[in-house]
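Okay, so chain A shows up in both of these, paired with chain B first and chain C after.
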Partner chain A sequence: MGDQLATGSRRGLKPALPLLLPAYLWLTVAIFLPLSAMVFFSFMTDLPLAGKEWAFTLGNYAAFFSQSLYSTLLLASLRLGLEVTLWCVVVGYPAAYVLAKVLKGRSREAIFLLVILPFWSNGLVRIFSWAMVLREGGILDTALNAVLPFKINIDLMYSYPAVIIGLVHSYVPYMVLTCYLTLQAIDDSLLEAGRSLGASRLQVLKRVIIPLSMPGLIAGAALIFVPVVGSFMEPRILGGRTGTFYGTVIEDQFVAVFNWPLGAALSFILLAVVLIILALAAPVLRRAG
Partner chain B sequence: MRMPRLTAFLTATAVVVSAFTLSAQAAEEVHVLNWKGYGADEPWAVANFEKATGFKVVNDFFNSEQEMLTKLRTNPGLYDVVMINAAFNDQAMAGKLIQPIDVSKLSNYADVSKDKAGSPMLNHDGKVYGVPWVWGLTALAINEKSFDKPPTSIAEMWDPAHKGRVIIRDDAVEAVQFGAIASGQNINDIKDMDAVKAKLTSLMPQIKTFWSSENDWNQMVASNQIDIGTYWSGSADRAKTHFKLPVSLVIPQEGAVAWLDAFSIPAGSKNVAGAEAFINYMIDPKFYVEWVTKVGAPVSANTKAVAALPADAFNRKVMGSPEVAKRIQFQAPITDEQREKYLALWQELKVNVK
Partner chain C sequence: MAGVQVANVSRSFGAHKALDDVSIDFPDGGFYALLGPSGSGKTTLLRQIAGFDFPDTGRIAIGGESVERVPVEKRRIGMVFQNYALFPNMSVAENVAFGLSVRGEPKATIAAEVQRALDLVQLGKLGGRRPHQLSGGQRQRVALARAIVTKPRVLLLDEPLGALDKALRVDMQIELKRIQREIGITTIFVTHDQEEALTMSDRIGILRDGRLVQEGPPEEIYDRPQSEFAATFLGDANIFRGDATGNGIRLPDGTAIAAASGASVAVGTKASCAVRPERIRISTGAATAGADIANVLKGRVSKRIFAGNNSTYFVDHDGQTLKVIVQNSGAERLAEGQPVVLSWSSESTVLIAA
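Presenting the complex of A and B:
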């Protein structure tokens, strides 16, 4: 049986090769090669440009452990990642449920379009739009003061909440889309069966809907958590003086101080930490699913 | 996370691609690398220069001195003219990024003030590596709406009345030198780093955000979100003259950081003649007077250009006054070790603010 399967898959591989080739070629050129170059850079003392002297060193990785600055920032970034993921679940999951189970036809398409819309606009445009909304005397401040009978002062700009708002807005579509796919696949008769057997709405949600849509939740969470931990544009623009995170320090190394080796080393430490977190979380999440 | 990888990839391809395209590049083009909105890219100036010489100007920009050095390193042969703060000239020369300039080809060079042209920062082994263009101050600028009377002391930045309405540039060297002035020290020979650190630590809670470009600063004033902050003299002039913003420059009694901006020709330039013509045009009194009147600018290094301004012009009357000259400290080159030390301090301050 096993033999048969093996030969079957081997036979299947050959005709599939031309189909896989473009994807693998692209991965090699666009991801594997630059990434390898970065691994190489991260062990160098200096970039070999303009005939500069350089040697191999572990100093860039040692810098992470010798200065508390980097681990403090990494923890802050991990916390940011968790918070943003959590808010994306809170905002995105109910929306996905409504899309998958409540709305039908035209209205579903319309709402779906609204969810995807952020994907079609440029990230910087989104962030600067938030800047106009959140600042003192901005759209939110003016609108609320026009409606409310008492005077309130809304100045969320250049603060931690502003960073969270901007990031949640950017990443919530991932959560909606992944959850929508799994929620839609749940057979309605399962929910009806649960209800007819005497389960309350809450019990149906807890025992049927959430477990069955767990793969979507996990996929969405991973898709959001990983880029948010390394994010630098949103914290820099919306965070003001509180906007220093691990991602912005990496960006500084590349853009501002031209210390690519240190920037590369910091990036790979982040990659390692994220992989460890995902590996540790995998069995727990799998059991939950 | 995606960005660094992408940047690396793009840079790698850019180096390869530029090697191919350079040979095809038209010799008439002058590629200029400068801050955005800093004279060299003024449409009227570009048009005048192109009409007078027949060269075509292609502008490119940077947001920090390090980015400028990065662009020179990763695009050898692309640029013909680069604007370098004199304090970075050493580093650019040592990295073989710029070449000596034949000043006999620049008819306006003789009018450049002798102390600036002879600056040891721009001259190495008897060769000229930078033509002084303009100088100015990193001082304070205020939102006129927030003050009845302009402040005179740097201590205004620490006044609790301005809490959350102060802005400084996200730049380690500038921040540390500002701290040095606030703690009464020589910016080029900071003896007491702890005093600088203490000063900056107590400033952090006052700060609204960090600025990195003129546009940031001007927008903060336009939306009335700040009272006071560090700013460049030329930029403050431009904010007032060109953007009609309620901004005025304050040179505090404690002093201010002075800088000298100069033009250099990158090593491997494909159009040295065009570069020389462009630099000569940039230090021409006619260009300077028009720049000051139309847009606002720092102080020209060309004495004839400054003399061509009206007698009551800020750049002639205030910036040229001996009383101001006594207070300002010119930036000297900074070693890599110093820079790393400043950066570490600055990052620590930014992290501890949370």
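Presenting the complex of A and C:
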């Protein structure tokens, strides 16, 4: 499938240039310029504001390597990203499958809307709603105690699971959408062909459906993993004291400590690490797909 | 290998009856064509046999064993889909190997069987290609190889040649027939191409609006259609309508048409007669009536269509346009507007109950 797309895009790039120009202009203004400014900052001793003294330094990058705290937190964030991505696959892929292959017509549209809804709600509202659900005496605690005959204490608030739940909820729509698109494109006759050749439903899933929807799984995983590793809002609000991650430290540099150069340097180290991971994972994933 | 019995099968989608009390006995090792116009229920019937869908009422047996409770993967059928349904993530060889490998056959056996199947469809060298690197005809062969490599009891084909152009289609018809003979597998072939059905199959079943209209060997259906629909759907036919006389019908203008075969119809009731266009003789002279020429009609040529080895004449008689096909011998050609005499035997005429 991939090779077809590639051959399609090779020809006709020249006539498409005028059409691409606005997009490239926008990318330059909105991403390239601010990003270059940040690269610049990351090599400074201080912000060039209000006549402050500043000089070029590599100290901000050196800080990452001299204090083990940063790499420990980065590892914790990478683990968080991995776990959230895995949970998104576990929750999102079956949902996408049901949407694409089981439901038809109206009910599909309705469920689709429910899946996309968190996308459209404000991030903070979403997170504080989870806070209300997860805390002791909150909605989950009360509901479970109303149903169960024995008393249990549910207080997930300010814990690692709370962070996971909040992040999975925020990011699972990406997985559902990308997987839905690839699953939707799989012709039902392929599944029937598999069955007619003697494969059980499970074998068809393993040998036909999952390999064919691999591009969607990979795209979804990349879309989720990258921002989750740098996330700070969910860890801070739902994780409390346990919610210190690499992302929250970067945020601190920008909004609390006001050490933009260090924040910028830490961000670029994160970016480099994530890019290296994606580059290493790409060939492995491509072979799987 | 096994025959397939379909008994009183009905299947409705909402209020629409896609199959209405269909009973067919598909003989063991035979090549059976299911023929019918679009929406007549051909695919639906095939899907009941395959097990992708289940009848509301009726029974289906494969090799004498009822398959109501047998899921698709346990029915041991081979299916070729109209769009081929090759797995795009696998090579040609992997596609063909799929059925054997889900069964857990040893690798060496799989490799040998796959090569044999690919050789059978004359694609022995293309095992490493991906489906999208193949032509339509090659894809079709891969689909066939994939379906037969597992040694199914029944081969089901849903318009497998529909997407091919005419020349390739004829090649594939011959090929398919050769392979079917070679492995002697019970084959059910869906098509809405009547020529394909006539040339390839041992038996034909004609479906219309979910009902089985007629079934039997091709010659029998062609020579003795039991309905106007069967007569006109399988091949071309001139239909005369009138009142039954006992050995034929009488047209409204008084002409008698004699039929040697067909239904027995009570004298005086409405009935029709069918005559194939190539059975009618056309001449300008006096009617060459004789013992074997029971039927004679006068008419006027309204149009002639030249088609190389034959010509089709459209002849007007009493407000009805009749079709006559004549082999071109290089002799006289009849001009449009010319008065002619049509004649044919009673053996070429089939009586059909209204």
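Here, the second predicted complex is superposed on the first by the 272 of 289 C-alpha atoms of A that agree within 3 Å, B and C clash if a C-alpha of one lies under 4 Å from a C-alpha of the other, contacts with A are read in each partner's own complex, and residues count from 1 in each chain.
What we mean here is this: a contact is a pair of C-beta atoms (placed from the backbone, for glycine too) under 8 Å apart; a residue touches a chain by one contact, two chains touch by 3 or more.
Keep in mind the model is a prediction, meaning the values are calculated, not measured.
Clash-free side-by-side placement of chain B and chain C is the outcome of superposition onto chain A.
Once the two complexes are laid over each other on the shared chain, residue contacts for A:282 go to neither chain B nor chain C. Residue by residue along chain A, chain B and chain C are tallied for touches, and B comes out ahead. By the document's definition of touching, of the two partners only chain C reaches A:195; chain B does not. In the superposition on chain A, contact is made by A:260 with chain B only, not with chain C. Contacts of A:75 after superposition on the shared chain: neither chain B nor chain C is touched. Touch criterion met: A:30 reaches chain B, while chain C stays clear of it. When the two complexes are overlaid on their common chain A, residue A:144 makes contact with neither chain B nor chain C. When the two complexes are overlaid on their common chain A, residue A:244 makes contact with chain B while staying clear of chain C.
Smallest inter-chain Cα distance, chain B versus chain C, after superposition on the shared chain: 36 Å. The touching residues of chain B, counted against chain A in their complex, run 1-5, 7-9, 12, 64, 66-67, 69-70, 73-74, 76, 95-97, 204, 207-210, 223-225, 339, 343-344, 347-348, 350-351, 353-354.
Taken together, the chain A residues at the contact with chain B in this complex read 30-31, 34-35, 37-38, 41, 47, 49-52, 67, 69, 72-73, 76, 135-138, 157-158, 160, 226-227, 229-233, 240-244, 247, 249-252, 254-258, 260, 263-264, 267, 270-271.
Listing the residues of chain C that touch chain A in their complex gives 50, 52, 71-74, 76-79, 81, 83, 85-89, 98-99, 102-103, 132, 146-147, 150, 156. Contacts from chain A toward chain C in the complex involve residues 1, 3-4, 187, 189-190, 192-200, 203, 207-208, 211-212, 289.
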